[in-house]
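The following block contains the structure, expressed as structure tokens.
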Amino acid sequence: MNRRLRMGMIGGGAGAFIGPVHRFAAELDREIELVAGVFSSDAGRSLASAADYKIDPARAYPDLATMFASEAKREDGIDFVTIASPNHHHLPAARAALAAGVAVMSDKPMTASLAEARELAELIAQAGRPYALTYTYSGYPLVREARARVAAGAIGTVRKVVVEYRQGWLAGAADGKQAEWRVDPARAGAGGCIGDIGVHAFQLAEFVTGLKVTRLLADLAAVVPGRALDDDCSILLRFENGARGVLLASQIEVGELNGLRIRIYGDQGGLVWRQETPNELILHRIDGGTEIVRAGTAQIGPDAQARTRTPGGHPEGYLEAFANLYRDFAAVLRGAAAPLLPGIADGLRSMAFVETAVTASRDDAGWVDLIGEGATQ
Amino acid sequence: MNRRLRMGMIGGGAGAFIGPVHRFAAELDREIELVAGVFSSDAGRSLASAADYKIDPARAYPDLATMFASEAKREDGIDFVTIASPNHHHLPAARAALAAGVAVMSDKPMTASLAEARELAELIAQAGRPYALTYTYSGYPLVREARARVAAGAIGTVRKVVVEYRQGWLAGAADGKQAEWRVDPARAGAGGCIGDIGVHAFQLAEFVTGLKVTRLLADLAAVVPGRALDDDCSILLRFENGARGVLLASQIEVGELNGLRIRIYGDQGGLVWRQETPNELILHRIDGGTEIVRAGTAQIGPDAQARTRTPGGHPEGYLEAFANLYRDFAAVLRGAAAPLLPGIADGLRSMAFVETAVTASRDDAGWVDLIGEGATQ
Amino acid sequence: MNRRLRMGMIGGGAGAFIGPVHRFAAELDREIELVAGVFSSDAGRSLASAADYKIDPARAYPDLATMFASEAKREDGIDFVTIASPNHHHLPAARAALAAGVAVMSDKPMTASLAEARELAELIAQAGRPYALTYTYSGYPLVREARARVAAGAIGTVRKVVVEYRQGWLAGAADGKQAEWRVDPARAGAGGCIGDIGVHAFQLAEFVTGLKVTRLLADLAAVVPGRALDDDCSILLRFENGARGVLLASQIEVGELNGLRIRIYGDQGGLVWRQETPNELILHRIDGGTEIVRAGTAQIGPDAQARTRTPGGHPEGYLEAFANLYRDFAAVLRGAAAPLLPGIADGLRSMAFVETAVTASRDDAGWVDLIGEGATQ
Amino acid sequence: MNRRLRMGMIGGGAGAFIGPVHRFAAELDREIELVAGVFSSDAGRSLASAADYKIDPARAYPDLATMFASEAKREDGIDFVTIASPNHHHLPAARAALAAGVAVMSDKPMTASLAEARELAELIAQAGRPYALTYTYSGYPLVREARARVAAGAIGTVRKVVVEYRQGWLAGAADGKQAEWRVDPARAGAGGCIGDIGVHAFQLAEFVTGLKVTRLLADLAAVVPGRALDDDCSILLRFENGARGVLLASQIEVGELNGLRIRIYGDQGGLVWRQETPNELILHRIDGGTEIVRAGTAQIGPDAQARTRTPGGHPEGYLEAFANLYRDFAAVLRGAAAPLLPGIADGLRSMAFVETAVTASRDDAGWVDLIGEGATQ
């Protein structure tokens, strides 16, 4: 199957940030093209999005049922859907796709609750169709490099992880389409900041270290007056090997834009990566030496090198990282393996993380096992 | 004309860096799609590139004549070509396109010599078809912002410009497809480093200041033993308003990747932009205050904002900057204006810059008028 | 009293890091000179230090009693002592000085335990002699500037504080004079990392915000096998106005040198200072603007300006910050006020912090009131 | 001679920036103490400075003759003088000191002209007393480290040097004591910016590379209207081994504080040091690797290590660098060698540099030999 894979989009209509990002990312490598979608739950707005996306208006559908039915009849029907709608739509959208035999690429979090996630995991297992989650940051070449270096022992045994995701855009009133649903429990789920960005930090920490979080202590709060969901999260972690962790996520830190950063310290070295300067990795050795590992140089291993599109010094960023996930997903659809592509396991773990943290914080429960981990589960 | 514009590519086949970049950039906004090409002067390699680019093999042509003839017969024939071949091909490729009534987007430099550039300028004028040049760096949102700020008087009257373009990849032997032609006068033209990257620095300086360079003093050298073309350039500049300038370009500075940086100082402030951290601009005021202007914040003016695709903190880079030029070019093809899109004037001035500098350096001529400027021209 | 003030030193003999630092700092402004000392509990080593410090060997005393007795008899006897010995010496040294009517400048922490600190506080009150603590980081000009900006409302109401103190030098075995006593409960007290550097972070957070910590949740651990005292601390904080805080201190983060950093976020802005680049302050405004406030520019307020010794761009660092505390202390000895000089209150609060955190962590007590704060005290 | 060496100061009275800096630097290591001075050509102001410096008023002399005569009669008379007055005083002050048999530490430049410098060099030779120049930046530990690394072949054969010294404080009118004399040819000499800061850049380039500049091409200008001396300098260099160089110095770059930076590229690597972040050195290898060499780590060689006073991460800066020169000078006075301490040769070369550049620029002479270098000398 050498043709371009055909993507339908669910959500992502006018005013959305993430819809166009999915389109850019999916199409960047010419493996995939956007051909159809239900871009909004409002049929008129879905239709209007056809022009924005420059697709055939006949394929901008009013609802999921119509899309899956219509596309199934076409010879050139969609191969998969991308789910870019708010969190509470993730389960019904994925369910409809899987029922239609269509593969699914979904925005994180997997669903609006852990129970939903478990339900979806079963549906996926039954359907036997590819399913992946856009934990975008794991698509950055130097995140892959960091993972490879840790796995190769560059910093020795991991002892300490500090992962932060700092934003400030919800420090004031949550106006605008991007903000509104994120602070509404009915649409976002039980987690606010933790579900929106905390899960990215969580997934990144497990991804780079190759270690699972087993316990946590969570302190979540809604700092902005009147807010129903958390907008500031401080969480202490323990990893399966005993390593200590700190996960900080906030959306009220004025001036922070998208400050995802991870520091990992082992008994032989340390490693630092920052999303806002994504093309370099700092590597400390216990002998006092410090190396800047830069994208596009001969210092980069093959996995990260293959996910870099330009020579060193030509900055690549968020869209390219996102596109790396779609490249992996396209490979899967074509029958290849993409072991680092986030999927069901990441989804379930992230939802368990959110649910554990939200519950533990609400109950002021101190240290608790991550749901699904620990002797008591 | 709401359909996607159809692009043919000239050059950019297997092993090329810049071909895929053109494709990414052209298609990013879904205004354009790559449908055809003569990807190599070797017919077999051109055909082989069809698979890489996922286009119809029937449209991977063996030569320009065949492409233009065949495409002209199609209802869905190409709207324009992108020229991504080495410098000495630029003129013949553009000539063939214009003769076929096809618009042209071309890699810089415009041609291999100023005489060729002048010839091409006339052809373009006669053909009346859109023509643009991928001076990529002028596509960065914060370069647009910098230009707007200077124009609005943020730093007062410009007094001093320092523009640097630092690379180190040609510090050793020039191996590999990317390097070989760049150090060969028959393919690159009379300028080596100056034609490859010096012109970017020159265009950027004129673009951001809105001022023309009128005189220069050039010191070019081939530092690596056995090299025929310059790989290190130090050039002093004078601008039309009397402002002083320094342009440094080098390809032998080990460790520098793609270090294009510009600093502009006026009587009221200063401004710094660096391509390797492109999403911020430093703005100094004469009162001692210093501001970091960051992409995606409310501090950014409308022109730059419109060329940013993601919220602040989601790094955008080289491909997105490149895509901004294609977006402008698509607008022109659709009949709109895009006054900041580099074109003939930039091309001619850059070629005059190269020719002036190469000649002046060879003759150790001291300060000379830029060809086309000054009383003696 | 226009003469230079005369300082005696306790501890700080050969091999110590902090002894010479006290000497540099005390003498920098020529307000003070080192003239005497008990540089070691070993009389021979104390005497040997006279040469290192270039003081009269007759004034390098074998013990405290001899020093205070001998100096009291001199016309040019010491005006104050600096205590630079390990923590468990702080109380006896200060007691001896106060008994001799001599003022005291002491290394932090105030003592080895809170009980000792309270005892010392009473002795100071009785003695009526000046007493100050070298919480060095509060001496940095831009820390003073940060405090002034927060107080003036630059970031609005403080909501969130993240203060980190990252080091890596104890990631391996704790060899050498500097390391040994710090990991020994008999000499360091109940806190390891928390008493050595955590208290600096605590004091800095209260100093810059002007807010008191009232509650905390502590997770301390000895990460390096075999270590008796904590070397890694994660502590959640609540401030008196309800603001949330995170305090991270570690001595096992390989590659971190002396990474003290503070971020403070309010409802109108944010502020960042990093000790390793101490001459700038980042100030974020809620309108998306970001300013770099640089030492030595006209943007700096009078208090910070007065504590800067060179023009902007001439880096000042740790010794100058330390010297600013001595300048304040000299002012106090001469009868002036120095309201920002850390003293008894900072000492007591820091000891309460250590004791609360060590106890709460050991008992896994969750959130607890800071000893001395809260309704239950 | 284990006693502290006794320093007299010439110039450096009230309002001066550099006088107190000399005092801080001289006394930091307790090798030296300031005891006397002619702090101003105005006797009353000289006397008034005694209080500022806390020295015996009887030793704040009205003129040089009185100082040298009076001090010669004392048992505890001065061992050397520091010359901190404007450039045109350097020769007469040094002459008087040498005539009195007193050693000299002098501000750069050596004198106000090359002819004067040659006269002084002869006087020094005759007097046989130590003489040194405060080319402060060569006292930074990581500048010493850079020199040692280059000498050890870390970057291979030097091919290219870019040294910049950027300031902005003279972008407006030159008000205030610091500025006035620097723009006055009668006091500063023939060079403005070039004599004030350009010589630092020149000395640094020769110091770190270990190579002599043999030819140059200079373009100096007075950018600010009405200014008599240059305030902006662009100079191309050739080194004795054929390496190419660029030296940029400016005092009109608004927002630049004290931006001295050097980049050196060889055939095997590259090296970058910046005065404003002086505690790290960037080292590029031709294999694409980049190392950050940080002060106070085990990566630092013995010479730089010995000039660092605190552990890594405790920023040291300008005063400590300056003090390193005084430490070397004290060693020389005590009979030891200090081969890296700048002295007569640096002074003569710098003056030749200024004179060559000023003359060549005025005459628009193109490439010229550095006076004293080349076949024609």
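Read from first to last, the chains carry the letters A, B, C and D; within each, the first residue is number 1.
We adopt the following convention: a contact is a pair of C-beta atoms (placed from the backbone, for glycine too) under 8 Å apart; a residue touches a chain by one contact, two chains touch by 3 or more.
The structure displayed is predicted, hence computed values, not measured ones.
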Task: Pair joined by more contacting C-beta pairs (A-B or B-C) - done: A-B
- [ ] Using mean Cα positions as chain centres, tell me which chain lies farthest from chain B.
- [x] C
- [ ] Report the inter-chain centroid distance for chain A and chain C in whole angstrom, where each centroid is the mean of the CA atoms.
- [x] 42
Open item on the list: What's the distance between the Cα centroids of chain A and chain B, rounded to whole Å?
Closed with: 35
- [ ] Compute the distance, rounded to whole Å, between the mean C-alpha positions of chain B and chain C.
- [x] 55
Open item on the list: Among all residues of chain D, which ones touch two or more of the remaining chains?
Closed with: 256, 282, 290, 294, 297, 312
- [ ] Could you pull out which chain D residues touch chain A in their complex?
- [x] 282, 287-294, 297-299, 312
TODO: Sort out for me which residues of chain A touch chain C in the complex.
DONE: 155, 159-160, 162, 168, 171-172, 217, 219, 221, 223, 232, 234, 236, 244, 246, 248, 250, 252-256, 263, 265-270, 272, 282, 284-286, 290, 364, 366-367
Task: Touching residues (chain side chain B, partner chain A) in the complex - done: 2-4, 17, 20-21, 23-24, 27-28, 30-31, 51, 53-54, 167, 169, 178, 256-259, 275-278, 294, 296-297, 309-320
